[in-house]
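Chains here go by letter, A, B, C and D, matching the order in which they are written, and residues are numbered from 1 within each.
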Amino acid sequence: MTTTSAITEPETTRTAPTSSVTSTILSFLSHQYLVVVVAVAFIVVGLIKPSFFGAGNIQNILFETAFVGIAACGMVLLITAGLLDLSVAGVIAVSAIAVGTVLPYTNIGMAILLAVVIGAILGLVNGLLVTYVKIAPFIATLGTLYLFLGASFIWTGGKVVTVTSSNFRALTTDSIGFLPYPFLTLIVLAVLTYSLLYRTSFGRTLRAMGSNQRAAELAGMRVNQSKVVVFMVAGACFALAGVFMAGRLSSAEANMATGIEMGVIAAVVVGGTSLRGGRGTVFGTVIGAMLFAVLSKSLNMLGVSSYWQYIVTGAVLVIAVAVGARRRSAAEVRGAG
Amino acid sequence: MPAMLAVENIVQQYPGVRALKGVSLALDAGRVLALVGENGAGKSTLIRILAGIEQPVEGRLLLRGESLQLANSAESQAAGISVVSQEFRLVPQLSIADNIMLGHELTSGGVVRAGHTRARVQELLSTLGLDLNPDRLVSSLTTGDQQMVEIARALSRDFDVLIMDEPTAALNRAEIGRLHGIVRRLAAQGKAIMYVSHHLDEVFDLCDEVAVLRDGSLVHRSETGALDEQALVEHMLGRKPQTFERAVDAAATGKDPRLVVDGLRVGGFDEPFSLSVGAGEIVGLAGLVGSGRGELTRALFGDRAALAGRISIDGVPVQVRSVHAAITAGIYMLSEDRKSEGILPHLDVTENTMVSRDPKSVSGWRRLVPSRRSERAVFERLRGELSIRVPHGGQLIGNLSGGNQQKVLLGRALQSGCRVLLLNEPTRGVDVGAKLEIYQLIRRLAAQGVAVIVSSSDAPELTAISDRCLVYLAGRQTAELAGPDITEDNIVGASVGQVAVGGTHA
Amino acid sequence: SDEATAGGAATEFVKQDPLVIGYSVYDLQNPYWQAWSAGVKAAAEENGATVVVADQKSSQQEQVSGSLDLINQGISALIVTPVQPSALPATIDAAHDAQIPVVIGDIGTAGDYDAYVLSNNYNGGEQAAQYLIDLAGTSTESKKVGVIELHAGSVVGEERVAGFKDALAEDTRFEVVASLSGEDTVDGGYAAAQDMLSANPDLDIIYAANDASAVGAQRALETAGKSVADGFTLIGFDGNDDALALIEDGLMSATIAQDPYGQGEAAVKTALALLDGKDPEFSDADTKTVFFPVTVVTKETVADFTAGRENR
Amino acid sequence: MLDTSKAQLDAVASIEHEREESARRGARAARRQSLLQKLGIIVPFALVLLAGIVLVPSFLSASNITNMLVNGAILAITAYGMTMVIALRGIDLSVGSSQAVAACVVAVSVNAWGLVPGILSGIAAAIVLGLLNGVIVTKFRVPAFIATLATLGIYRGVALLFTDGAPVMITDTAFRSIATSSLFGIPVPFILSVLVGAGFWFVLEKMRFGKHLVAVGGSPESATDSGINVKRIQLIAYIAAGATAGLAGVLLASQLGSVNGSLSTGLELQAIAVVVLGGTSMAGGRGNIVGTFLASLLLAMINAGLNLLNVPSFYQYIALGVLLVFALSVDSAQRAAVRRVFEGRVA
């Protein structure tokens, strides 16, 4: 406060930094909160069932985290921009089948590249439908989900494409220490996603249009263009997840990821990103993915019976978020409709 | 007898901001109290507390001497307090009638009585001089009309205390006159009224008393008669205001035309628009609701389809099929609708100012990956120039006071590096001190050769800054005023259809 | 599969104490698989072993990671009923690294498995067709047939339909006029049958690839005013209790009964044999298969069949 | 300076004229708004209907018409509640599971206590589940998406535990005939869906609750500041969603005569789809019951049509996808056209 601050007593200027620090700490904690939940769950289960701490199980958890997490990196961009994509399972199937089909003829690099390109192209389809045909993302991508699945079934004639290349399987399922490659990939991807969202003007456009599309347009931002691009980026992420899943299943087929979209969106939302757009937490998303993985592994390791697993999973979810919601409620955004 | 409504030692604290530092104030029945102060002084905060929207961290409320707890706005309304808030609380998807009666619908057995409601609303609207169809969706109203509906909404309840937060910010002179009439009548009926405005003439014209907030503290209170505008401004700013004399830039008007609009037809208006603005010239657009000022600027900015006509900049014809096309052609527009077409609530103030930043002003890859340091620096500069009151550049814009939000958006426009700048209601809700600084900035920008169009319902504003002033009436240009002819009376006269005879009027 | 035998021979299995058997099951929402795991539990109990179950919930991911969960908690033997057979190899390798034998239960196989308890789905389809042919006897009148498939991409579903269609193709009296997916569920079967009947009001026969969809189809017949009593033929697949009840009441013609419970028992016995280095008594040694026949159950045979089930 | 000068008097006098001008334009804009909202689904609906009649053999057969009406009706009833929830910016992912619970409870209790108590307890169960959703959303401030995603799992588990995973046959023939019988040749479920739909329409369009619901969905801040009890509105909407899912569950149970814990898996996507197809915006503030009703019938027509044509399941995926996209692209095309007309350009 320059001109006016001449007459304001310094108080405002003093309180500003200190309390803004506390507020940032608060909001930081409210995000960390989920980490605490995951950590506690992990330790408690481990104490009850020591084999839970075994490298095998930890890897198992990290694998699951990676598949959902990698896809969720794409999804968090979309949701931040006020968009949504339900066609995840379709994109994964098509691109994984593509990998499986071409692997015998090309090297792994090319195969993976192809998958990612295909993912981007399918994303392009979604983007065009939403942006220029102006179909609500929910319906447009629900439609393309069916389209892509149908395409996969027809392509494979409903048969399975087995992934024989042991190198490919190694590349997609091996680990450094107890950290599987897909998980390391997730870490890298998450960092990239964060930078894209908060360091680039593209990311700024995404957050702006998620926050107030009308205002973003009038500010001269390339809203339409960015919509299409973000769908393509997301498609590429889904495809990458598909590549790793194909490796783990050593096969690819239309049903390989059915229903995954809910898990992916859930990871994003549980991570603290609002479906209303404007803001996205990438770190939270990764933690969200991890929460679900830890949860499902815990229930199996504790031998919780199938039907009760449905109930416990839901209950834990509600409780975890409910407690978090109380803390976060302060950090609501004013003027956001 | 005790005051109708009183607050004692009210303190309100937001993260990073102490908005109210122990304010005590009383409203008496039958009197109109003006509450004035710089942007961010704490006026709306105090009002949000009286409306039950926020609860203070300290202090207490007294209604007729009885202490009063307000947990939510329902309780405030029940206590007989009715509020016109600065940011409209309208629901775009509902009709005018539904919005006005929202929360106190006329029903029988839960069913809304459409007939009664329409009649009731119709009557309210006509006292405000509005003949809008009550069934119209609010989303289709201009800002001006929305402001009137927001006012009608406050009047539709029965109340003892009426609190109006900048009710006239979006109104033109005729509407203001009518509103004042109503306020006087209500005061005569013994209502206690608090009236917030940055138009000091209103304060002296309408209000019995004036209270001045500065940086969260009450620094002055007296009968309006007891002081003059000069003194009042000094109380508000805590210093002498620098004066802004209108330097009629003879050169500017002479300069060759930068923007030329020829026969631009806009849907809903029978006559096409034609005008030309010279480089470095500031042209004002005046007119009542429905004048088409809004549509004209939107059409020039590619936001509303132009059905026919030519636009050229520096002699080069330009197609403005989209907003982006307009911007690449060197045109930029500031919308009059701060909330729904301006602010990006999830972004901090720095980012909000940078979203339209001129790409040419940053080097190659920095356009893709903006430098936070340079952006922070630029924002700090603007914050000084526009005296934006905000604890730090990382503050979310939604947490700023209305006027400060307006300043941020203006800063955004200044960053656009455009050749033609279209400003709709540029100083809506901005305090007197900052207003002058903003006029200086606009002038400086013009001096750099930018062609500026200022569309405003605030006649004094137009007289203050425009080199030339075009007055519209239902899409027809009724007058072109220049130099000494640019007077409030001429503007108002022409905007209701009398051709101005020189400067000699009333 | 000869490389399977080799690998199988190479691995040394260890029987831990306490003796725990892991069962990774397709989906416990389905009565068929409930019966399967009931069989597994019963047989384990007899042999002083305990069972831990991981439900794949019809998810291929869960199949892999659920199986690993079992391996990761020190089981002695693993039984897997895979949603996706092709996804088995990785699991099997992991098990073998931990010296755990892997028995595949139904559906299909891949990789270096140690035993396969097979319910012959293709043959089941053939038997359904044969049942129709026998039923028709010498009559020459042609019959319209509707087929209700399992969900798109279901391995067993395709075998059951293929076996049925192939066998029926030879007899010119039968014409398959409709073939729709019943999504393995009652409501799916209902919708499919509903629409078949609207499209072909003169339909004579419906063959449903599992009992859930058959039960739905039966209800659709009722609604369309048709019934087995006056000459319509409705065949299911699985031998679930509710289907058997319908057959008893004469509302359904027949079901191709599998023996999920028995398969579960057999899977455990085989696993234990492998652990003890005894002969698993394969029906077919090269493919390491314990072969499980399927039988046609009709109104005539249903009583004995259910009785047979009770006595265990 | 704001003395009532001549100019101002004139201003006040001649302002009426300006108002007419602007009112004219505004009224036109208002018409455009509502037209765009209502029109939505009708055109694709008509097109698909026409295609069905022309291309699909026995599309108009009595049995097929009945099937489409009944299946459409059952989906529509579920979707009514969903329409309300989405209109106030919420979502209910648990409808499928709630419906399963309701269906199972109905089955068991009809067998135990007979028709009426059975039906009542079934719907009651669903209402409780809806209430629980509402409480989690309003009291514990859990985002609707997560809250109902969680209860989607919980309720599914409850349904499976309640039936022990086994199918439940319904013996009561009176109950079994509800969904299959008709009044004056019109299937009972369809009549029900029309009545319930009319009820929801009335509440949304004509009652205070409806206005408040739109306010909460359209602008929560405004709603709260207007003294509306937002949480109460939300609670009621989630209860309604549970109730309609339950009612549909009862009809489903009656239709199938046999139920199990896995019933209606994945129903949430279908329900949301028809709501959005019907023109209710997921951004909240706009609920279109008529649209939901038509969209449900549209989906029923599509599914039946594809089956009647005996389209193999692989290709049904493609066809369904194309038709969904097509339906809404027609919608947006017509929006564009209408907009052009109003902006004075040639359509």
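One rule holds in what follows: a residue touches a chain if its C-beta (ideal position, glycine included) is under 8 Å from a C-beta of that chain, and two chains touch if they have at least 3 such contacts.
Keep in mind that this is a model prediction, so the values were computed, not measured.
In terms of the stated touch criterion, the partners common to chain A and chain C are D, listed by label. For chain pairs A-B and C-D, the one joined by more C-beta pairs in contact is A-B. Chain B and chain C have centres, each the mean of its CA atoms, that are 73 Å apart. Per-chain Cα centroids separate chain C from chain D by 38 Å.
Chain D has its Cα centroid 29 Å from the Cα centroid of chain A. For chain D, the set of residues touching two or more other chains reads 160, 165, 219, 221, 261, 313-314, 316-317. Shared interface positions of chain C, i.e. residues touching 2 or more other chains, are given as 28, 151-152. The set of chain B residues touching two or more other chains is empty. The set of touching chain pairs reads A-B, A-C, A-D, B-D, C-D, using the touch definition from the header. Of all residues in chain B, only 51, 53, 72-74, 76-77, 85, 88-94, 98, 102-105, 107, 110-112, 114, 129-133, 135-137, 139-142, 145, 173-174, 176-178, 180, 201-202, 205, 267-268, 288-291, 304-305, 307, 473-475, 488-489, 492-493, 495-498, 505-506 touch chain D in the complex they form.
Of all the residues in chain A, the ones that touch chain B in their complex are 1-4, 6-9, 11-13, 15-17, 19-20, 22-23, 199-202, 204, 207-208, 210-212, 214-222, 278-279, 333-337.
Those residues of chain A lying in contact with chain D across their complex are 86, 129, 133-136, 138-140, 142-151, 153-154, 158, 259, 262, 265-266, 269-270, 274-276, 306-311, 313-315, 317-318, 321-322, 325-326, 329, 337. Those residues of chain D that touch chain C in the shared complex are 57-58, 61, 63-64, 67, 71, 160, 165-167, 169, 180, 252, 255-265, 303-304, 307-308, 310, 312-314, 316-317. Listed in rising order, the residues of chain C touching chain D in the complex are 28-31, 34, 149, 151-152, 177-181, 185-187, 190-192, 194-199, 201, 212, 215-216, 219, 222-224, 240-242, 245.
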